[in-house]
Amino acid sequence: MTNVQLTLVQIDNYGPWTVTPEPRREMDLQTLQSRLFAELAQFVGSRGGYVFFTRFDNMVAVTNGLDRADHELMQETIRNRYPVTISLGVGVAERPIDALESATAGLQRAGSAQDGDRREVLAGETLAAGERTDVDLQIAHFDVNGATEKYTDTLNEFDSFIRIEQGYAVLMRYLREEHGGLAFFVGGDNIIAVLPSMTAADYERSIDHVADTADVELKVGVGHGRTAHEAGMIAKHALEDCREDGLRVVVEE
Amino acid sequence: MTNVQLTLVQIDNYGPWTVTPEPRREMDLQTLQSRLFAELAQFVGSRGGYVFFTRFDNMVAVTNGLDRADHELMQETIRNRYPVTISLGVGVAERPIDALESATAGLQRAGSAQDGDRREVLAGETLAAGERTDVDLQIAHFDVNGATEKYTDTLNEFDSFIRIEQGYAVLMRYLREEHGGLAFFVGGDNIIAVLPSMTAADYERSIDHVADTADVELKVGVGHGRTAHEAGMIAKHALEDCREDGLRVVVEE
Amino acid sequence: MTNVQLTLVQIDNYGPWTVTPEPRREMDLQTLQSRLFAELAQFVGSRGGYVFFTRFDNMVAVTNGLDRADHELMQETIRNRYPVTISLGVGVAERPIDALESATAGLQRAGSAQDGDRREVLAGETLAAGERTDVDLQIAHFDVNGATEKYTDTLNEFDSFIRIEQGYAVLMRYLREEHGGLAFFVGGDNIIAVLPSMTAADYERSIDHVADTADVELKVGVGHGRTAHEAGMIAKHALEDCREDGLRVVVEE
Amino acid sequence: MTNVQLTLVQIDNYGPWTVTPEPRREMDLQTLQSRLFAELAQFVGSRGGYVFFTRFDNMVAVTNGLDRADHELMQETIRNRYPVTISLGVGVAERPIDALESATAGLQRAGSAQDGDRREVLAGETLAAGERTDVDLQIAHFDVNGATEKYTDTLNEFDSFIRIEQGYAVLMRYLREEHGGLAFFVGGDNIIAVLPSMTAADYERSIDHVADTADVELKVGVGHGRTAHEAGMIAKHALEDCREDGLRVVVEE
């Protein structure tokens, strides 16, 4: 049974800031957002977690292994080096969607994302060390079969992007609705999902659904672990096994 | 009549690199990708252009105002500071999709994105200074009405993201198919599109289509300019006017 | 009695790389060096350590609290995201200079800094958790009295810099020769030193020596701790006490 | 005859900010400073200029080729993405020290570096395009003979650093006093100097002076150009010629 600790990272009052006193240069905003994400990717990633950029002003992190002091330090280092601050909501549950629901609710109770007085909230509790197990996380790494040949080397880049994006849109909704899992596009033709315990047959059905609905062929490697990094690295190797052996689904137990 | 110069930025042989000699830490890849994007956002952005992250291994830039030497310098500085190199394809056309088709074709002719010997291609021609006009670009900046109240402060972050993503998915396909325009999600509830000459009525129809299909309410500000930055800044102000006056579409002539 | 763990960070074969196949743009090299330093400052700093840029191609880190796995991860993340790799030598001793001597020797035994085949060495042993105490580190934070009024607001910037630099040059040599301590210029008018156990009288003499030799007036706050961050933060507060109370030396026991 | 445009970059009210409301984490400050420097190195460097980190809170840039709009854009992009702002003073003169004197005076007239109300000053005038020539800049690139063998591979890193630092300290003072030139340590065993017109014999005497006073053996390559980058790249190639041919001074006319 999985036990997922998710952290919602929310830039405080970001929307209003981007247009005060007047709209800021778009490329400066893009730079700020992507560097802030990179910052968190390193902080969380070097402690075994994962962060996904989602909407950039709201990011979702898998933080099994990070405690409250780690979260406070993350807030401090952003405050010291960026013109914005971040609030953090933490949630723990068997299903990722329930953990995120709880993480989000913690911030929502503290006020609106655009409340200028609500700054650097840290809501929710992290997992105690004693409650953690080696199978707390199930991570699936999907990619698109033949993406380079079928899309990148054949279509213009926007039409390639539309195809990949369509596959992602179908998969994300399916996993969220059927399993309470969270799937994130991570660049190229790659999608990484945080999931509750799912079987190989569940993955087969997911891939069939995407093929039927969006005409995009996926394959997937799946791993378990104590942290997102551990589970994700096993998933990556499983995906390599798919590639080499021509399989659609490899679940490492 | 618009005259759009687009540059396709493609990381050379990136997919294979990410798994050689074995899969690399995902958060390192995420950091690398987002910092590379930020790098280009500053380089292109401080010269009046725009870059969109698209799939990260392939990015689309609006480069009116950047010449061949600028493109070469961009390749040089990435080669000097990153473990990867980039190829660039440039295309010019009235419709953005045609410019991108041409930009993409330049790279495709030079070899596959995963050809290990194809490195640092620079294909295509930039606009001569004498051909440029003050209305070469039309940029539209969309956002979602009441996103904070309806989504961010109410739903869990993933369900908010799904709603925004659905609105984006419908809009991107509509603009591409109906107008040959390119729309990019840029974070939060914002979408920026590069478009051929379109009327206020065209924008009304786009917004209606998204409302009807995805049940997401958009508004849009539109600007013209010699560079993406100029057009985009006017669009941002027009969007502020929408907000203040309760309008759905403001097109600055 | 202090117990200092120092890590020498050395970019592998960097000199030759900067001119191969021909000299690289200087500002790209400066960017690469300063970003690499920033990277390590975050990695080490968020784990309680300190890094000093020294010569940039060789950097000195105070790594009490970081174990071998942390060092390996630091090498991995640099390899994944930069065009260069780093070797690390670790040394532990009561006096900082002896720790650095040992850290340096570990790398030197493995080959020359410009040996193209010597890559990603990790030499030396970190402190076992059981050997660590709350007074392993003594950190002193010096600054220049009235630097803004006397220099920055009065002289041209280069002449200000020369004065600060002269004060630093005298202090660094004095502390190294008299005490086996390591002093680093950290920007502005600030110098941070890692020292063995020294008394307030020792600090008075150091400051007198700099005043007599270089005509630069310093003050200093000193702290002890289990990590560089802990000791350094106490030193910063002690320096604030100097400022408020007009003292030259405040040593927090 | 050289015609040097220098820009003094000064972080506004930085000292007080670093200790408000209480002292900030040192590694966050180091990260902020070095990333800010890297930012400017890219901005200025990709336009043909050079920036030197000097004291980090005050940096000196060679900005021939950058106009007032470029300087304003630099201020805007920092304001948009950092928690601090910068003031800029520009000066032009035949001798670098006179240009810097003028650049510094412009900021000093506007108020103290620690005046909380003095923000984003832009003082002084840039060179008109018509006044620029192909020999406006003379850049010299020095390095230390046998630094790797004599120092890096033999001494501990701090003692290597002291030797290099001593050589630099002597050279910087000599060039400033004898020629009104500005020399900057740029990492490793490299020193880059911005100088007025100097002869090969002048360089021989400089090198002799450093050898006699600090017992450090230097060699130097010298170039001229319209921008710092052009002059500096020629200087780098000249230094390579020194290396290959065993020469101490190569001045490219």
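Residue numbering begins at 1 within each chain, and the chains themselves are lettered A, B, C and D in the order written.
Simple rule for what comes next: a contact is a pair of C-beta atoms (placed from the backbone, for glycine too) under 8 Å apart; a residue touches a chain by one contact, two chains touch by 3 or more.
Here is each chain with its UniProt name: A, B, C, D = GTP cyclohydrolase III.
Everything numeric in this text was worked out from a predicted model, so none of it was measured.
Q: Identify the chain pair with more contacting C-beta pairs: A-C or C-D.
A: Spelling it out, more C-beta pairs touch across C-D than across the other pair.
Q: By mean C-alpha coordinates, which chain is most distant from subunit D?
A: Centroid comparison gives A as the farthest chain from subunit D.
Q: Calculate how many whole Å lie between the centre of subunit A and the centre of subunit D, each centre taken as the average of the chain's C-alpha atoms.
A: 43
Q: Go ahead and note the Å separation of the Cα centroids belonging to subunit A and subunit C.
A: 37
Q: When the centre of a chain is set as the mean of its C-alpha atoms, what distance in Å lies between subunit C and subunit D?
A: 22
Q: Could you tell me which residues belong to subunit C and also touch two or more other chains?
A: 25, 28-29, 31, 35, 42, 46, 77
Q: Which part of subunit A faces subunit C closely enough to touch in the complex?
A: Going by the criterion above, the answer is residues 39, 42-43, 46, 73, 77.
Q: Sort out for me which residues of subunit A touch subunit D in the complex.
A: Those residues of subunit A that touch subunit D are 24-25, 28-29, 31-32, 35, 76-77, 80-83.
Q: Can you check the complex and tell me which residues of subunit C touch subunit D?
A: That would be residues 8, 14-15, 19, 22-23, 25-31, 33-35, 37-38, 41-42, 44-46, 49-51, 53-58, 60, 97, 100-101, 103-105, 108, 112-114, 148-149, 152-162, 164-166, 169, 172-173, 176, 182, 186-189, 192, 229, 232-233, 236-237, 240 of subunit C.
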